[in-house]
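Each of the next two complexes has chain A plus one other chain: chain B in the first, chain C in the second.
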Partner chain A sequence: MAPAPEARAAERRAHERRVRRRSAVVAAASTVAVLAAVVLGVPRLPRWDRVRRSFFDGERFADSLPRLLEAFWLDVRIFAWCTPVIFGLGLVVAILRNSRAPALFPARALTVAYVDVMRGVPVILWIYLVGFGVPGLGLERPWNSPLLWGSVALCLTYGAYVAEVFRAGIESIHEGQRAAARSLGLSASQTMRFVVLPQAVRRVMPPLMNDLVSLQKDVALVSLIGPIEILRQAGIDKSKFANFTPYVAAAAVFLCITIPLTRVADWLVARERRRTAGTVVR
Partner chain B sequence: MSVAAPRLRLDAVRKAFGDAVVLDGVSLDVAAGEVVTFIGASGSGKTTLLRCINLLEPIDDGAILLDGDEISRVGRDPNPVRRRIGIVFQAFNLFPHMSVRRNVTLALTEVLGLDREEARARADGLLERFGLAGRADAYPDRLSGGQQQRVAIVRALAMSPEVLLLDEVTSALDPALVGEVLDVVRELRGSGITMLIATHEMAFAREISDRVCFLDGGRIAESGPPERIFGDAADERTRRFLRRAVPPRD
Partner chain C sequence: MSRTRRSIGLTVALAATLALAACGGDDGGATGDGTGNDCTAGKTLAEGTLTVATGNPAYEPWVVGDAPESGEGFEAAVAYAVAGALGFSDANVAWVRTGFDEAIQPGAKNFDFNLQQYSITDERKQTVSFSAPYYTSNQAVVGFADSPAVGAESVADLRGLKFGAQSGTTSLAFITDVIRPEAEPFVYDDNAAAKAALEAKQIDAIVVDLPTAFYIAAVEIEGGTVIGQFPASEGAEADQFGLLLDLDNPLVTCVDDALASLRDDGTLAAIEREWLADKTNAPVISLD
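Showing the complex of A and B:
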């Protein structure tokens, strides 16, 4: 005879408890094993002492950190003014590329060329070309600032990446959505604005945030044409101390920004899913 | 028939996708308030015909007239016409990022130019009428298929269209949910709205229609009142289709 329903439920709960406990034990044991291997193993490497002194010097770290943070403020500002420009540019390019109006054909062709050219060359090369090239035209202050043109180069390259992300999002919206909107009498541009774009932007939030995290790091490339931001400052301190610790400190500063940024992105995506979807399949 | 122009006239409508001729000269007059159903095998052109009437697909030849006015004329702005001809799709096509209420009010505020209060009042009134009052703030993914399709019907009705096109509105539903959607269509019959319905629900077509059109190979092979089509079809193709589509009664 089968056990009573309550007994079956109790048995099932007990089984699930056992499975959970076993998972926790295995996870803890493997974590301890890996940590032990790193903590005990790395110091046994032949040159570890020298590496520790030249990369992980606590005193040098504390000494250079305030200067690095101050320099990092410039990175934050470049990031802050580039981000809205990049999103605006990317959105306009993506919409133009998806447009069907014959009058916009030249704009469409231009956007295709723009995206191909920008994506086909490393960011650092664009920063050199635009950052050194445009001020070379003999512009007056403040229009000859490498900071300005370095930022422009970042906006142009990232605008192309972001445009492709937006375009993928726009194209992923099912044709039925457009049909429904048009059948209600909405114009093509109203359909784009109210129905397609809001869904497309939500859908591409994760890759967009990914691009933002990349941008946050690539801002440091602007230092190569002059401005003293964190990477440059770390280089200066490294030369002064004859020690690499400032680079490690700079890396730590970057992580303090990029890791929370990634978590915020995950949280935004999860919140959106909870709001609109009935059930979440794990 | 009265001498007034029919509400909707199809005059030798032709439509092909590449080499595939989907509509091969469809002609039909539909009077105001009439309910016409289209039956026929998958691929017989039912969906394409409805999409052409809503101007979602341009036709290749022929003409579509609404109250004697040729709406299919090349170069004509389709948006004013679409306000007068609503369509409900097989796959609902609700906007998933908007609440049920916003799904209904979007075109009211953006196309008809109603202010938010008016649009909201109209939407809530219709949602209430079709038993959806409690779901106005929910998002479509939280609703059952039957509820979603009823919202889609409300969304189309909110524009006060003169003609409503229903494209296999129950084909994507669980059998248990078909009834609630068909009840909505029953309620609309006799409200003065003209309905063109593509369906695979033969019993429903028989019950609701003033006229049934059997589509075959992109043409109306036979049309007439439901009693005649389902009871005593003249065309051999119609009889063959119905033998397969309608289970024999015992």
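Showing the complex of A and C:
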């Protein structure tokens, strides 16, 4: 005689509870074991003391941090004035590339070449080429500033990346949207401005945020042509003290920016998903 | 029969060489066979060999042609002189290359001592050990002949100028602490970038140690000139180059003794005369 269905269900639930409990115990035990190995084991390694002094020296950290923050202000400023230019440039390039007027063919060809070349060449080369090359043509101060031309180089490279993101967004908007807009009497440019772009830009916000996070780190490359920003300052302090702690301090400063930025990006993705899902249900 | 004779001959020759080496070695060598003296015994990375590190690449006039094995160039010559004073024959000196960061990293070192114009500072002594100085450098200003720095007589004449320096050098500290210009200096990874900035007129002049100044003005920066040098300062600002060793390496005392003997018998001065340009070839800019 087989047991009653209720009894079987109870037995299954009890079994699942046992399995869950055992998983929890195993997970907790392995976490504790790993933590213990790191916390207790690493300091017992023969040269841990030297490593700790080289990378995690509290005194050096506190000593460097004010200088690093001061230098970081330069990163923030470069980032702040580059971001709007990059978005503007990227948007213009993306729209041109998606233009359909036959007369604009040269512009389309140009944007394709621009994006291909800019993205295919390392940022460092553009920084050197534009940052030293253009001022080397005979510009006078302050128009030969490495800060200015380094920023231009960043804008040109990131403009290409962002243009591709915008292009993907624009192309993701269904052709039916354009058809509907045009049938309502909107011109081609009005269709782009009022129908395609608002949807496209919203859709690509998350990948745009990714580009911002990576721009935030590439700003440091401007230091190659002279200006002292946070990573350069960390390098200076590292040499001065023969200690790598300033880099750890700089990393902490970076994390204070990139982690919130990443959370904002996540939040934008979640909002976009809720928003699009909502339209389906309604 | 013939084989035995040849072995005997070889042994005799070898013994003669050893005896000669022992006689020639008046540096207190324990064995006199070119594998170190009493002091270095058991303190080198590889027994019987002195492992010396320099930069990658190593620059003139410190090492000629990036080939320290030749012993040509100021630091290459100093390294062989120190090795000799420590009882190592030239054949028992092995060279390795390290960047600056590799030399100061906390792990085990792959050299007995490292020389690539490391300035001795109290801060650095917390991480690495230094020998006594083998050279005291003056800081110097390099630029093009039309640089506004030309003709400067004191640091006060330089305050309005824009300076460049190489990252991680004491020259940068010299700019910010001693020259104290109104504009923040720019910093570069290497002389190539500094030269490009000079050409783009983004900076008026760069500050480097005097021997490097003579070299880059003559070779690396076409049309460059050593605009001036600052008098060797005393105390905290003095830029003294030392051999870099792993922290608390017991070899330091041996190396210090070797350097002291080389200084006393005039060897260091002779090497300096041979490889470094005469300091008096550049005008002096007063620190007042």
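Rule of thumb we're sticking to: the second predicted complex is superposed on the first by the 233 of 282 C-alpha atoms of A that agree within 3 Å, B and C clash if a C-alpha of one lies under 4 Å from a C-alpha of the other, contacts with A are read in each partner's own complex, and residues count from 1 in each chain.
FYI, a contact is a pair of C-beta atoms (placed from the backbone, for glycine too) under 8 Å apart; a residue touches a chain by one contact, two chains touch by 3 or more.
Bear in mind that the values here come from a model prediction, so they are computed numbers and not experimental data.
Participant: Which partner does A:100 reach: the first (chain B), the second (chain C), both, or neither?
Facilitator: So A:100 meets neither chain B nor chain C here.
Participant: Just checking: does A:54 make contact with chain B only, chain C only, both, or neither of them? Give me first, second, both or neither.
Facilitator: So A:54 only meets chain C here.
Participant: Is A:274 touching the first partner chain B, the second partner chain C, both, or neither of them?
Facilitator: Touch partners of A:274: none, neither chain B nor chain C.
Participant: Touch test for A:44: chain B only (first), chain C only (second), both, or neither?
Facilitator: neither
Participant: In the superposed arrangement, does A:225 touch chain B (first), chain C (second), both or neither?
Facilitator: A:225: touches chain C, not chain B.
Participant: Which partner does A:240 reach: the first (chain B), the second (chain C), both, or neither?
Facilitator: Only chain C is touched by A:240; chain B is not.
Participant: Just which bits of chain A does chain B share with chain C as contact spots?
Facilitator: none
Participant: Where on chain A is chain C touching in the complex?
Facilitator: 47, 50-51, 53-55, 128, 132, 135-136, 139-141, 144-146, 223-228, 232, 235-236, 238-244
Participant: Name, in rising order, each residue of chain A that touches chain B in their complex.
Facilitator: 174, 176-177, 179-187, 190, 194-195, 198-199, 202, 275-278
Participant: Provide the residue numbers of chain C that touch chain A in the complex, in ascending order.
Facilitator: By the definition above, chain C touches chain A via 100-101, 104-108, 121, 123-124, 126-128, 164, 167-169, 172-173, 184-189, 193, 196-197, 199-203, 247.
Participant: Would you tell me which residues of chain B are touching chain A in their complex?
Facilitator: 51, 54, 56, 78-80, 82-83, 86-87, 89, 91, 93-97, 106-107, 110-111, 139, 141-142, 152, 155-156, 159
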